[in-house]
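One chain, chain A, links the two complexes that follow: it is found with chain B in the first and with chain C in the second.
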Partner chain A sequence: MNLGTRKILDRSFTAVGFGSIAVMGIALLIVLVPIITNGIGSVFFTGTIEHRNMLFNEFGRGNREELAKENAASEVYRKQIYGMLSAFEAELETMDSEKKQDYLSKYGPVKTALQTLIGPLPGEAEAILTRYKYGQTRWGKAEEKLHEFLYETRWDNSNPDAMAKEYFVSQATEFEGTSLVKLFPFVEEHLEDVLRPRFTVYWGFLTDSSVDSHIFGGIWPEIQGTFFLAVGAMLFAFPLGVIAAIYFTEYAREGFFNSILRSANSTLAGVPSIVFGLFGLAFFINTLKVSESKSVLAGSLTLAIMILPTIIRAAEEAILSVPKTYKEASLSLGSTKWNTIMTVILPAALPGIITGGVISLGRAAGETAPIIFTAAVSVGSAIGLADVFSSPTPALSWNIYNLASEHEAAAEIRHVQYGMVLALVSIVLMLNLSAILLRARISKKLKG
Partner chain B sequence: MHMTADAREVSQTASGAAATRDIYLPSERKKISGGGTPHVVAKDFSIYYGEFEAVKKVNADILSKYVTAIIGPSGCGKSTYLRAINRMNDLIPSCHTTGALLFDGEDIYGKFTDEVLLRKKIGMVFQKPNPFPKSIFDNIAYGPRLHGINDRKQLAEIVERSLRKAALWDEVSDRLDKNALGLSGGQQQRLCVARTLAVEPEILLLDEPTSALDPKATAKIEDLIQELRGSYTIMIVTHNMQQASRVSDYTMFFYEGVLVEYAPTAQLFTNPKDRMTEDYITGRFS
Partner chain C sequence: MNLFRKIVLGAAVLGFMAGGTAEAANKIVMDGSTTVGPIAKSFAAYFTKTTGVQVTVSESGSGNGAKSLINGTCDIANMSREMKDKEVAAAKSKGVKPVEHIVAMDGLAIVVHPSNRVNALSKAQIRGIYNGKYTNWSQVGGPNAAIVKIQRESNSGTQDSFKELVMGKDNPISKKAETQASNGAVKNRVASTPAAIGFIGLGFVDNAVKAVMVDGVEPDERTVKNGTYPITRPLFMYTNGQATGVVKQFIDLKNTPEGKRMISELGYVNR
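Let's look at the complex of A and B:
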């Protein structure tokens, strides 16, 4: 091959390599940017007076006097809105029944939309679900709802060959000629005075329990559950894995039995996680009966089985990478094999073992499938440490799926979903980062 | 007997030129009182790697408190023989032995021999310096701690004594808590000697201890061997015949697993009995 061709080949390979890395980087950016921006929005956002009222009533947070003052200021405008409603209702009574019926059917949705926007209207029975006790707590969402209040969405089906088109009809035109027509521009103009949006930092998102299945409140039970499950899995898997790795590297004799064990370990590492989930249900809950039904214990055990092969492999690699000369030196000083392993080999292999462990911890924290049948519930409060043996727990990974796909008001709580994703990504990222730092520290200590 | 720096320089220059093998021989080496009894005795001792006989039916007495060098071309079995003495070959699963190898009259490969106790009495220094990734202090204290000494003061005494014996104390006494991997190669090797001495062995096995070191560090190790001569039974495997002649009282020449000749060093280098030995030490083959 001549020099020219070689150079071209080299360059094109460099270009391809750079290109693939760039594609990966862009993909990461596309995934991460919305997660981060939207996720941060669950803590930092423009909150309304409804948010502050909700915090005060449900969590007992906030200043009573200030809130009363604010509510009084808001009430000034609310009163006018309520006044318009009762004026229209009085007007309805004067209409003939056909017209009245017609307006009533249009008036119902308007009232519902208004209620969604600014909270319960006077004279209504108190709502049972907390979500109906408050208006929009987030200003961004309130602006969306304002649009729904002002305009009726209709679909244009005139062209059968094309998809139906959405178009909006102003509600004001629907109520042309009645007293209610004033309501729409008034609400549009004074919504800020009613809801009083203000920049809000809600750290409670990370430390509060949720209220009314994640419509309000935070994700603490999920964070705690994830922590319990992952740490529990490590408690089982880490010691077992390291012991197994020591056996494989230092004690096992090469042979048929050993090679079977090794390939079993590799196979286990490749089993889909949902299979572990079913195994956990069948074995830990149904057969061993470690708990009545789903529990943190059962989930941890299932996760432990899942991450065990990875830990064994990582620990094995780490132990094998310890220079043989350390072992020779220790043995030649009259050390026993066990002592050599404990005082020389394991300390030297520690960075690698810990890295493997923490990466597995991150994996355990992020896995969904193994805990569906063994530990996770959709909504629940934070459990105490004593309950881990008997009670299930919400967990980030499972609830991200659950809130995004199964929740009855999934579209209303996008910020919670993003917040959970960001929390999970941050936890895993932090675990990996701490592994890197820990590894660097120990390696530095070993190198002197 | 201490050799002078000049003599060493001469011999090292000589080693550079393969054609003229001027071998420096100490004219007379001091007799060691209380030494010279058989310490390690091999009787028809063979070592196998699987089917391959690496060391063939060796019969030899290693004399206590003297320095015995083992020379021979690569792959002749000299390291295998040395490592057999403290059973480091146990690490190789296919390795087994026949015949007898006795240490103080007891079979090293006996059924009831405790190899851990044996290795405490027979220390070893390896080809490459292999300090643990711990502090200098902890390196030296590793052995004593293993054998149950935990008193800090007592350990400090042992560390100082061992480092002094290994002629390293003056260089490291102010940084005992620093990582041993920060030392130079020569210092690391002397640290390894000190670490071995700290468990108070009777025999010191040196497996090409200077092959990874520069001439200056080599000279220090050789001086150290002279210092230790008379206190320990020392066996040294070396590729360097000048080194063997400089440091040893007796020399064994191995060729293809067979102990060809075993004689006082002065005699072996000046008046070899075997033709093979002569060819090797005069550089006809290596």
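Let's look at the complex of A and C:
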């Protein structure tokens, strides 16, 4: 091959390399940017007075006097809105019954839309569900709801062969000629005065329990549950994994039995996680009955079995990478095998073992399938440490899935879902980062 | 000594996390239907607030709820269908006596995309769509578009109710129907697919989808309550033996004014 082609080949390989790194970077950006921007939106956002009222009533946070002052200022505009409603209701009474029925059927949805926007209207019985006690707590959502209040969505069916097209009709034109017509421009113009949007930092999203199944409040029970499950899994899997690795590398004799054990371990690493979940349900809960119901304990044990093969492999590799000379030097000084393992091999292998462990910890925190049947619930309060043996817990991974698909108001609380995703990603990232730092520290110590 | 200190610190952190909710002596564990889920979750929040008893709710489907009750791993099984004879027999053999409590009534809403012209279907037409007789919306008075049928998984009580109330015995659902795992997932799929049809509990219907009239009857609180809506079913909570103590208190919530209000605010129908 002449020098020219070699150079071209070399260059093109470099280009391909850079190209693939760039593609990977872009893919990562596409995934991470929405997660981060939307996730941060669950803590930093433009909150309305409804949010502050909710915090005060449900969590006892906020300044009573300031809130009262704000509510009074908002009330000025609310009163005018309520006035328009009652004026229209009075007007309805004067109409003939056919016209009245017609208007009433249109008035109902308007009232509901207004209620969703600014909260309960006077004269209605107080709702029991917290979600109906407040209007829109986030300004972004309030603007969406304002559109729904101002315009009615209709469908154009003129083409019988195709799907209908969406179009909007202004509600104001629907009520042309009545007193209600004034309401729509008034609400549009004064919504800021009514809801008083203000930049809000809601750290409570991370430390509060949820109110009314995640519609308000925070995700603390989920964060704590994830933490308990991952740490619990580690407590079981880490010692067992390291002991198994020591056996494989130092004690086991090469042979048929040993090779079967090894390949069993490799196979176990490739088993889909839902299989572990079902196994956990059948074995730990239904057969061993480690707990009465689903529990953190059962979930941790299941996760432990799932991450065990990875830990064994990582520890094995780490132990094998310790130079043979260390071991020989120790043994030649008259040390026993056990003593050599404990004082020479393990400390030297520790950075590798810990890295494997923490990466598995991250995996345990992020897995959904193994905990569906063994530990996770969609609603529950934060549990105490004493309850881990008997109580199930909400956990980030499972609740993200639950909010994305099963929740009855999924579209209304996307920000909670994103917040959970960001929290989970950050937890896993922090665990991995701490693994890197720990590894660096230990290696430095060993060298120095 | 350094390591020891770290362990103590770690234990202190854990202890701090454990604080506050340590005295949860009695608790209620619920498992089962995603249709009953919203009621169970709201009852749970209300019950915990008023009595301090911890309640956890899992939504894994009616079939799993029944299994959990049979295996003794939950106190209350939420189900959107009656327990099958097979399940009752399995329960008996394990010494579990399932007792049913009807919490609310639910209409099974047949939902389509709001852009679909079809506003009403007869039961026979719905059956035809799901068994594969009709494959295009134009055959049932709609636009020219291939029908995307959405069904639920085999574990679902809603699926069983639909089969029983609409399809009948010898009329299996076409194999071409797509499966989604919860009411919410079916709703999302229909809301994002113009030619889709699905069935969900009345409490899950919102503006994103359109519930069609069935045999000329609109599904709403009134028609479900008086039974004129043809696809109506009760929603159940099952306990092992007659409910006692806090479990009884919890189940009885459905008869209190507050419980009734919650059920109707969620879009379900009181019995």
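In this text, the second predicted complex is superposed on the first by the 444 of 448 C-alpha atoms of A that agree within 3 Å, B and C clash if a C-alpha of one lies under 4 Å from a C-alpha of the other, contacts with A are read in each partner's own complex, and residues count from 1 in each chain.
By definition in this document, a residue touches a chain if its C-beta (ideal position, glycine included) is under 8 Å from a C-beta of that chain, and two chains touch if they have at least 3 such contacts.
For clarity, every value in this text was computed on a predicted model and none was experimentally measured.
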In the superposed model on chain A, is it clash or fit for chain B and chain C?
fit
Comparison of chain B and chain C by chain A residues contacted
C
Taking the CA centre of chain A as vertex, the centres of chain B and chain C subtend an angle, in steps of 10 degrees, of 130
Look at A:127 in the shared chain and tell me whether it touches chain B only, chain C only, both, or neither; answer first, second, both or neither.
second
Contact-wise, after the overlay, does A:286 reach chain B, chain C, both or neither (first, second, both, neither)?
second
Based on the superposed arrangement, let me know which partner A:372 touches: chain B (first), chain C (second), both, or neither?
second
Which of the two partners, first being chain B and second being chain C, lies in contact with A:344: first, second, both, or neither?
first
Quick check on the superposed pair: does A:323 touch chain B, chain C, both, or neither? Answer first, second, both or neither.
first
Please work out whether A:167 is in contact with chain B alone, chain C alone, both, or neither, and reply first, second, both or neither.
neither
For A:402 in the superposed arrangement: first (chain B), second (chain C), both or neither?
second
Lowest C-alpha to C-alpha distance for chain C against chain B (Å):
16
On chain A, positions contacted by chain B and by chain C:
none
Touching residues (chain side chain A, partner chain B) in the complex:
253-254, 323, 325-336, 339, 343-344, 347-348, 445-448
Listed in rising order, chain C residues that touch chain A in their complex are 14-15, 17-22, 24, 27, 29, 31, 34, 37-38, 41-42, 44-46, 48, 54-60, 64, 68, 71-75, 113-117, 138, 143-145, 181-185, 188, 194-195, 203-204, 206-208, 258, 261-262, 265-266
Footprint of chain C on chain A - complex, ascending
127-130, 132, 148, 153, 155, 157, 159-166, 211-213, 224, 227, 285-286, 292-294, 372-373, 376-387, 390-393, 402, 405-408, 410-411
Spell out the part of chain B that touches chain A in their complex, as residue ranges.
86, 88, 91, 93, 116-121, 123-124, 126, 128, 130-133, 142-143, 146-147, 178-182, 192, 195-196, 199
